[in-house]
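Each chain gets a letter, A, B, C, D and E, in the order it is written, and its residues are counted from 1.
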Amino acid sequence: MTSAFKPHPEMLRIQDLHSFYGESHILHGIDLKVARGECVTLLGRNGSGRSTTLKSILGLVGRRSGSIMVNGKEVIDEPTHRMARYGIGYVPEERAIFASLSAEENLMLPPQVATGGMSLDEIYGMFPNLLERRNSPGTKLSGGEQQMLAMARVLRTGAKLLLLDEITEGLAPVIVKKLGEVITELKKRDFTIVMVEQNFRFAAPLADRHYVLEHGEIIATIPAAELPQKMDWLHQTLGV
Amino acid sequence: MKNNDSVFTRIMPFLFGLLFLIGLVAPFAVYPTFLMKILCFGLFACAFNLLLGFAGLLSFGHAAFLGTAGYVCGMLVRDVGVTPEIGLIGGTVAAGLLGWLFGVLAIRRTGIYFAMITLALAQMVYFVVLQVRATGGEDGFQGVPRGNLFGLIDLSNNISMYYLVFAVFCIGFFIIYRTVHSPFGQILKAIRENEPRAISLGYDVNKFKLMAFIISASLAGLAGATKTLVFQLASLTDVHWHTSGEVVLMTLLGGLGTILGPLVGAATVVSLQTELADTVGSWVTVIMGGIFVICVMLFRRGIVGEIQALIQRAGIR
Amino acid sequence: QISDGMVKIGVLTDLSGTYSDLAGSGAVLATQMAIDDFIAEAKPDFKIEMVSADHQNKADIASTKAREWFEREGVDTATELVTTSVALAVMKVAKEKNRIALMSGPASTPITNEQCNDVSVHYTYDTYSLANGTAKAVTKQGGKTWYFLTADYAFGQSLEKDSSAVVTANGGKVLGSVRHPFPASDFSSFLLQAQASGAQIIGLANAGADTTNAIKQAAEFGITPKQSLAGLLMFITDVHSLGLRSTQTMYLTTGFYWDLNDATRAWSKRYFDKQKRMPSMVQAGQYSSVLHYLRAVKAAGTDEAGKVMAQMKKTPINDFFAKNGQIRDDGRMIHDMYLVQVKKPEESKYPWDYYHVRQTIPAAEAFQPLSESRCPLVKK
Amino acid sequence: MSEFILETNGLTKEFKGFAAVSDVDLKVKRGHIHALIGPNGAGKTTVFNLLTKFLPPTAGKIRFDGKDITHEAPAVTARRGMVRSFQISATFPHLTVMENVRIGLQRKLGTEFHFWRSEKSLNVLNDQAMALLESVDLTQFADTVTAEMPYGRKRALEIATTLALDPKMMLLDEPTQGMGNEDISRVVELIRKVSANRSILMVEHNLSVVANLCDRITVLTRGSVLAEGTYDEVSKNPSVLEAYVGSDDMNDAHH
Amino acid sequence: MEIFGVPSALLGSQLLVGLINGSFYAILSLGLAIIFGLLNIINFAHGAQYMMGAFVAWIALTKFGVNYWVALLLAPITVGALGVLLERTMLRKLYKLDHLYGLLLTFGLALIFEGVFRDQYGISGQSYPVPELLEGGVNLGFMYLPIYRGWIVIAALAVCFGTWFMIEKTKLGAYLRAGTENPQMVQALGINVPLLITFTYGYGVALAAFAGVLAAPVYQVNPLMGSNLIIVVFAVVVIGGMGSIMGAILTGLGLGLIEGLTRVFYPEGSAVVVFIIMVIVLLVRPAGLFGKA
């Protein structure tokens, strides 16, 4: 039995997920499981379907089939806007900062879905750039500032299952480092994280498990412990 | 994709040839005045499509060019007494100049703003035409003689008039076809696809848009001037914004961005208007509105566009 | 002899636009009634057919349609033709094809002046007769100072010019005028200017929705009844739609009123039974003109335009619409017009009881004198 | 002829009182690959926008190839031979790869306004276009509609189109962003190849790329120049390490 | 006293009348701006919906004896509900496409609405009486102001500023603005965007209908009453710049005033003055007075 008081240990379970954009069939049966407090990454080449997997969870693709369970509940038929209520926070690849809102309005936009989100002060402490630019229109921020904002936006809502798509993209090393610390901290706080990353150096130490995708299928699952022996293979398949 | 493109390019010359032959014999089978009307509106729609379909600019004020050229041509022929070909040229030039003026003002904005600005500018033209005495206001500019082409060929004969209109249409159509498939047309396409990139490659995009606008306006004017000769009148309808809406309907119905679509659309709309006039009375506008809605909701590619898509699908199989 | 053994009458009217109430389907009905009545009365040996079309107030649609009718469908006369631009365009085609244009709906005077021709009849009314009738009668009755509210285009301007001349000629004075854009919906600014002029009469040199809106707003701003309005181009359909409350005591001129006498009442009742509205002067005139035409065809024994026109011009018109009506050389049909005043709501006893008939304007005075005509056909 | 192809003097840009770029003196040597790095929001993209005239500077001067271009229109500067790429991929998605490159080549023909000419007149450019595609390894895609190509290839195409203008100088804004390592090395090779006979200024966060490619590096922070020098010089500069890398080893910042 | 040969009393009254007209422009351009801003659709049917508002009021009164005050609520609700239906069944399918299609669809709808009403109720229009409570007028010294006209200004301003407050100053407004830019993302953040958009369109349409009811007692209720007005309102929106809600309101009021003045000094030009201003504004500020470049 799951209830709000005794959350399911299995935060996310995906079975036989197929996704389509219009006519094109992108995901061909994805299966994965993420337990509460775990951090997993999706690896793969450009176009292998990693972003699509995240979008499918939220229902942002044309059509999908299969099963998606969040915290023990089947959600495949739920409309997108309901997903946030299950405690899912999403940082999209293209950042999706709103031009007509100021940085702070962007930050404040998502409704709080659960307790335990970060406070504004904590967030500004983490990303001082944002504090400085908080009244700037969203899209007038620099590329990296937008990236920070997109991340900060979900941290405030109290979402406990984070879907992060290439969050280090375009960030200066100093910030990337800080993000690494943030993720470690989040894991400590029992957040569940699914990451898509190109920056393997960033992801490797954080993840409990790596899923390798190719052509919309999972071709390998590598637990963190096995990573060292699989490095060569990864090099070959991904050019990492 | 590419393969089918070349299927079309291979079919095209035959299709054009066939249509040309049909055009030559048509007046013996179909009522010439009706055909002339279709050709005039067809040219008008093709000119409009050059702008919307190939440059991505929606002008909601194209009636201004049609009408202005019509009135100018009418005045030249009736009141100045020049021969019809001079009237046609005069009307076209006037529309081109007006197009230049509109263009300079409107291309500073894009998309929906562009549409609204052209609409508003055209509305100004409407008021001028309405108020100026020389145009006859509400009564319309009546009694334009068809005269003698080059001072020689008597155009009051419907058949000779038809061949003049047909020739004008072919010339106009050729100019449009050529423009689309020209070095200039390539850049236009590029601008429509990605404007900042075109700028960064060193193209002054506003100049290209302006040029496209002027060409389109001039040809719309040519259509309007011809129309005045055919019907021997110009009236407020020609400059009214409903006409601007109608040309959008024709283009959309026929197939936006297809080379033959606007002609097909014009033929359909003109026939409908003529037919409906007798049968449904006050429901004409409702039906026109309905066609708009159906086109937008179900046949966004338009008649020709849908046919092309069909051929393409068949080609893939 | 009759071509194809058939007389074909085309009703080219506005079925969907601005004039569809005062002409439109009512005019089609009136035509059908005229044909039926003619067949009953004259038992002709030729067939009569009617076709109708909506010209949508577009001259080019009208001219294409007329051309097609004349060239391909053997239509002998194009009738009704409300909207002057349509009328002028069709007249030209009729002339070219030697057919007849019978115009009941259009208003402008160029039809029988600069643009006149010998195959056209302007039947029911024109701006001159309406504006003059009203301006003259009102001035004579003591409305000496005028201010015009004019639609700013050729039609409004000529309406103003004609009426001003009449006002001055009858001892009145024009204090000024204001031009409003066409079409307009808000007249308050213009009405305030008219009010500030202090004129007794505000002449409305406009038509249709402009007139009705101006009248309505004049009442709202308390301009009427202190100052009076004179509608220079108004129809019973306008009064009907505005209601008596805003139009009461207005003067206007009309060529026909359904409640004039027993004959008009009888015909109008028949019309009403089918259309559920009382006829406008255009619809009544349409009936009269078609009947007159058919009678002329029968009398001439041909449907050739020239002969029929000659017959029509030579025969006086006598029916419920016109007493001793006569078609002049310029194509103008002249008949008595009526100056009416709109009743106060409390004076109206039954539906459509709208007018007091104040004066009958004799045919000779009602229309522009032939001597002033600018029609080239008029020999001076 | 000066040894610097591009020079700025006191270049400054303020947005409503916020100085995104302040008093930047940037000098790019002919034939160099010059990198502009710095923490997020340092003003790198803004500098690019100023150089390519997409933004007017608040103060300062820009000289390109010996001429003052501070107040030129963007298209004019582009025609002078300074061409940029965008942070997001910029192609003409519904044209074929070949047509994309031809758009770049077409300007040289001077027939871009000739609406009366046949587009066949552009076929003279095909050989050149093919050669360019070959240089970026895209020949097999020549007839593909661009939208259907993988992301990395689009970047390559974008570079090919830029090369078509035969620019004296190219400005690349994060050319490897969003690429897998395989594509990254391809693009690095490409940039190295095209850098022959021209100068390149690039913004890049991937320091292994910078280390690999660049002759000289300028580090921006808060709109001003913090340091300038070769990779080795810069990577030893403690203030750079602190502001940008956040550790004391630049190599930590390699992906 | 005279100003440029115009008595100042007349000038004052003209300004007031201009303000009244401006109120209509303001409500209508506000509705258009909201719909455009949030749905990215030029609602060409706006004029027809304004007309329908007036007609609903008229039908309610003549057929069911429903009074003005009820109609003031009923008509916006009815027409707004129709708007909701349109959005759900048609407009919704167009958001991903070029703006063009929304414009064309609503253009077609406008033709249909106008045609149907014309067929049902004829062209000459119907009269709607001024509600009893607001009958008569007050003499302001320089002019006789019908009370009803005063009411128009008050009602319009109240609605406009209420709307402005709702959109600019509340969270709902932030959702709306964000939702127009990237509906998918806003949904992913947990907000029911489709519902929000439907509501927005319904509200914009209801504004038009509200203006229609306000207009019914002063203008003839006529099937084409909106079709010419709407073009002017488009120009107003372009002048204001689509970026801002307040811009739409202020421009509407301002242009009403300017038009009022033109009617005194150069009445012939009053039909085009708005368009002339538009051209000038575009030359100087292509984004419009309040628009963001």
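As a working rule, contacts are C-beta pairs under 8 Å (C-beta built on N, C-alpha and C of every residue); 3 or more make two chains touch, one makes a residue touch a chain.
It should be emphasised that the depicted structure is a prediction, and the values quoted were computed from it without experimental measurement.
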Next item on the list: Quickly list, by label, the chains bordering both subunit B and subunit C.
Entry: E
Notebook entry, point to check: If you walk touching chains, what's the least steps from subunit D to subunit E?
Noted result: 2
Notebook entry, point to check: Which chain has its C-alpha centroid at the greatest distance from the C-alpha centroid of subunit A?
Noted result: C
Item checked: For subunit A paired with subunit C, centre-to-centre distance based on mean C-alpha positions, whole Å -> 76
Item checked: Interchain centroid distance [CA atoms averaged], subunit A/subunit D, Å -> 31
Checklist line | Centre-to-centre distance between subunit E and subunit C (centres being mean Cα positions), rounded to whole Å | finding: 36
Note to self: On a C-alpha centroid basis, what's the spacing between subunit A and subunit E, in Å?
What the structure shows: 44
Checklist line | Per-residue multi-chain contacts in subunit C, two or more chains | finding: 16, 20, 152, 181-182
Notebook entry, point to check: Tell me, which pairs of chains are in touch?
Noted result: A-D, A-E, B-C, B-D, B-E, C-E
Notebook entry, point to check: Contact residues on subunit B for subunit E in the complex?
Noted result: 52, 58, 60, 105, 108-109, 111-113, 115-117, 119-121, 123-124, 127-128, 131, 241, 245, 248-249, 252, 282-286, 288-293, 295-297, 300
Next item on the list: Report the residues of subunit D in contact with subunit A in the complex, numbered from low to high.
Entry: 15, 18, 37-46, 87, 150-152, 174, 177-183, 185, 205, 207, 243-247, 252-255
Next item on the list: Can you check the complex and tell me which residues of subunit E touch subunit C?
Entry: 7, 9-10, 13-14, 17-18, 20-21, 115, 118-119, 122-127, 129-130, 137, 143-144, 146, 148-149, 217-220, 222, 224-225, 228-229, 260, 263-264, 267-268, 270-272
Check: subunit D touches which residues of subunit B in the complex?
Finding: 1-2, 175, 178-179, 181-187, 189-190, 193-194, 196-205, 207-208, 211, 215
Next item on the list: Would you mind writing out the residues of subunit E in touch with subunit A in their complex?
Entry: 174-175, 177-178, 180-182, 184-193
